[in-house]
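Naming follows writing order (A, B, C and D), and every chain is counted from residue 1.
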Amino acid sequence: MSEPIVLQPDETFILNVGPQHPATHGVLRVKMTMDGEFIYDAETVIGYIHRMHEKMAENRTYAQYLPNLSRLDYLSAMAYCHGYVLAVEKAAAIEVPQRAEYIRAITVEMNRISSHLVWFGAFVMDLGGFSPLMYAFDDREQILDLLEAITGSRLTYCYFRFGGLYNDIDDDFIEGTRRFIKRMRKSLKMYHKLVTTNIILMTRLKDIGPVSADMCQRYGATGPVARGSGINYDVRRNEPYSVYPEFDFDIPVYSEGDSFARYKVRMEEMEQSLRIIEQGLDKLPDGPVNPEKKPKTIKLPPGDYYTAVEAGRGSFGIRIVSDGDKSPYRLKLRSPTYSNMHLFDEACRGMLIADALAFMGSLDLVIPEMDR
Amino acid sequence: MFRYFTDIFSGLWSLFVGMGITFHEFFKPKITVHYPHESIKMTARYRGHIELIPGEDGQPLCVVCGMCEKACPSNCISISGEKPEGSKKKVLTSYKLNFTTCSLCGSCVDSCNFGAVRFSREYNLASTRKEDYHYDLLKRLEESIQ
Amino acid sequence: MSLTLLNVVAAVIIAIAFVAANAAYLVWAERKGAGFIQRRPGPTENGPWGLLQPPVDGIKLMTKQLLIPGGVDKIIFVIAPVLAMFPSIVSFVTIPFSDTIVAHNVNIGLLMIFVFGSMSAMALLMGGWSSRNKYSMISSVRAVSQAVAYEIPMLITAITVVMIAGSLDLMDIVHKQSGGFWHWNIWPFQKGLFNILMPVSFLIFFVCSLAETNRAPFDLGEAESELVAGFHTEYSSMGFGLFFMGEYANIVIGACLTTILFLGGWDCPFGLLPGVWWFIVKIYILIFTFIWIRWTFPRTTIYNLLNLSWKVLIPISLFNLLLTAGLLKVF
Amino acid sequence: MIIETVKDKLRDLFPASAEPAAAEPEAEKPQTAKAEPGLSDCDYAKRGYHLDVRVSPDQLLTAVGVLFDHGFFIEAITGVDWIKDGQLEATYDFCRYDFDLCRVVVRTRTPRANPILPTITGIYSGASWHERETHDFFGIVFEGHPHLIPLLLPEDADFHPLLKDFKA
């Protein structure tokens, strides 16, 4: 890393990165004030694909809102649906069969791996390496095939229902998942040899984009961004929900706070997710996946309810304010990327543009989720 | 000084390891499917747009209860039926699906208590006009039976 | 006199044809290679194995409108792509493919190639500067600092070889290495001197030619994930096409030069049947390595690149120069 | 326990209702009734948070400052339009990074006709976007916010879509 450079505010020019730029992965715009190749100041402009999901919730019944959740973060749609069904089940006191909870955990973890694989590929592509993207997509394709076989779609699953699931899993899925776990472990080793230990990648990521724990607190960063800064925070552990207390898994935490720490956190999370899936398949109980009596119309008792789950990118929270009607009075979606991206403005000051874009990649952005 | 050379050497070695992996991948079989020339098997639970299920007499099983219409989050289903003289059941006269706003969530299939709708297996839909996606599912059913 | 003029004209025409054909089919090879490395088939639709893809691409590029954005420095903007292509064609005139196949051998051939090689950095600077685009401007500045940093170790390494051969004439350099692969400059023992740094020299030269041609992992000028398309962001149609062909022509020159300086030119590895085919085989192996590297590694940043050049490549190549000079004096 | 510490600190804000706010029956009545300032424990298993702090706008900064000092991070800021009361409520969610789980909700209300609240960007820098978003959706003006321009809505948006009387 170069010495800190004193930037001259009067010799700057403004560089508009985005809304259409290869590194922004969607329509995100960063207005950078540049001094040569160094960033003097940056202002992130979001909202280009804002769809007002929160207003939609007010006009729909609880069940009708289910498909919307997959459209927030299209890469780990399962976790978002999970958060929503958990929130409603908690408030309406709906019992969920154990088998359904296990299948939920398994599919959510598979989706987390697929989401991290896209991040891995796209991140290395941000850094200029192309082939890892293709290898990662090859592995992700296996997950999508498995999930497609049980849910019927490849990206916007809409698989969870209040109190249960859309339908049960079959033996093919279990067998296929076990095969996938073996394959994925092999691929992860390959990724480590090809990418993690690569000297070019290491020099590009080490000491780049430091995010301190204090900054995380001020901005409310969660997920791998916080865990890369030495904060041991994972909603699955800190605030156990669903059947996660019954699994034995580690939360990878690195204290460096640089892009490489975030990279390592996500790579290890994939391994931990594999462990969870394996245990889930071993422990999978028999029984129905839907409650005896499926609730027809759902009405929550008046009051407000908060539920958080660990999505692919951090803590995803749902606040439902109910007035006893069959649609929510107010529904707030707390998306993790929104908070994670917010610290970019402060953190990227004084960086080279190439480093800043690598840093942006390490935050793992999904723009539709940020804009909602 | 020693560190300087070990750094260079280990860096160089990591590069050669990476090249070894890509060289290995070079000779592995291809994994892509050449879409128009070949296609993959469709899964049993594939979600296409919905279609009506015919009964044994070839008529739709639908009893025009309107549950799917109500369940749809984006109001893309509109159905109507009438009660013919001397019959107890309502008979479906039209089942319109506006596929432009459908998000394939399956709420309609879930909500149907009579098992009258299911997902079709249509996947290669392409058109330049919006109107082509306003389906008349009843007509589609009649055509498929003929 | 007229005969010589005719010679030169014919040579230039052949060189242009060779460069164009190479550039076109290297794009194909690049895409095929990338595809194979990434486990997909690459272009397949046009002709057998997609072999008709390059002409089709060429037609597409030529039929597109040549857009000149408002506010650009028109003259420089138009000259830049030509300047990217021109030096590589001229360089080919002096490159000997075999004992007999050389357009016009000059006794300072190596120097001439380096002179024209430096001009390609000029083209990038002019293209980026005149485009009136901030990305292009950053890219052009990067390209120049990169060219400056990498020409030094490249030249020093070349001088080492020139000292061993005792000539700037490319023909002579190849002749000195004839008679089996153990005589090539890449190996530590040849002509009675024992210089263990020669393989390192070869690596340095190869890395420098990667950087010199703006190839990954040193494609900072283009850096599509940072600078959109770098210096040719604003170019369309054949303006872009010329930059593109210039890049591939430079790759061929880099491979030719590496082959001549270190791999014995058209010399057979076993001392049998020397000829142009060996030369072709060698340069295409090197070009494959270029492609292979591009699809394996991520891109470096500008300061890592300068660190590598000034802290690693230049000291080692300088040391090698001294060592070789000393050894030549002693033996 | 962090809950006790925070509660003790926050109780200073409410001299009048310092006596057992916790004793307040866990409301099944509509939210609108719980408008008066106070502090109450919540059933975590049902509500999803432990502590419900209702402050008046001028106490907001003190309450948030207490939470910042105790290592809370900001989850989200949002609003609720209580159109029947003629009030807008701003809701601040806080949580902690360590295993001493404690979720705190700070609410404050402001009249619907002229919604003005102090900004907390001085304490939590990350509140900036959340406040801008709340400004977009509800029209609440955060006084002292450095850059209160539309974030998610278009730059020239003059409507506030999450107000209950908003018609598209």
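Please note the rule applied: a residue touches a chain if its C-beta (ideal position, glycine included) is under 8 Å from a C-beta of that chain, and two chains touch if they have at least 3 such contacts.
Small disclaimer: the values here were computed from a predicted structure and weren't measured.
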Based only on mean CA positions, could you tell me how far chain A sits from chain D in angstrom?
26
I'd like the Å distance between the centres of chain C and chain D, where a centre is the mean of that chain's Cα atoms.
63
CA centroid of chain A to CA centroid of chain C, Å
43
Cα centroid separation between chain B and chain C, in whole Å?
50
Shared-interface residues of chain D (touching two or more other chains) are none
If a residue has to touch 2 or more other chains to count, which residues of chain B qualify?
15, 18, 21-22, 25, 31
Contacts with two or more other chains occur in chain C at residues 37-40, 295-297
If each protein chain is taken as a node and each touching pair as an edge, is the resulting graph a line, ring, star, complete or other?
other
What's the complete list of touching chain pairs for this entry?
A-B, A-C, A-D, B-C
Write out the stretch or stretches of chain A touching chain B in their complex.
60, 63-68, 71, 131, 135, 138, 148-153, 156, 158, 161, 166-167, 190, 193-195, 197-200
Which stretch or stretches of chain B touch chain A in the complex?
10-12, 14-15, 17-18, 21-22, 25, 31, 43-47, 71-73, 103-107, 110, 119
Which stretch or stretches of chain A touch chain D in the complex?
46-47, 50, 52, 54-55, 58, 87, 90-91, 216-222, 226, 231-233, 237-239, 301-308, 315, 317, 319, 321, 323-324, 329-330, 332, 334, 338-339, 342-343, 346, 371-372
So in the complex, the part of chain C that touches chain A is made up of which residues?
34, 37-40, 134-135, 138, 141-142, 216-217, 219-220, 223-228, 295-304
Chain C contact footprint on chain B (complex, rising order):
8, 15, 18-19, 21-23, 25-32, 34
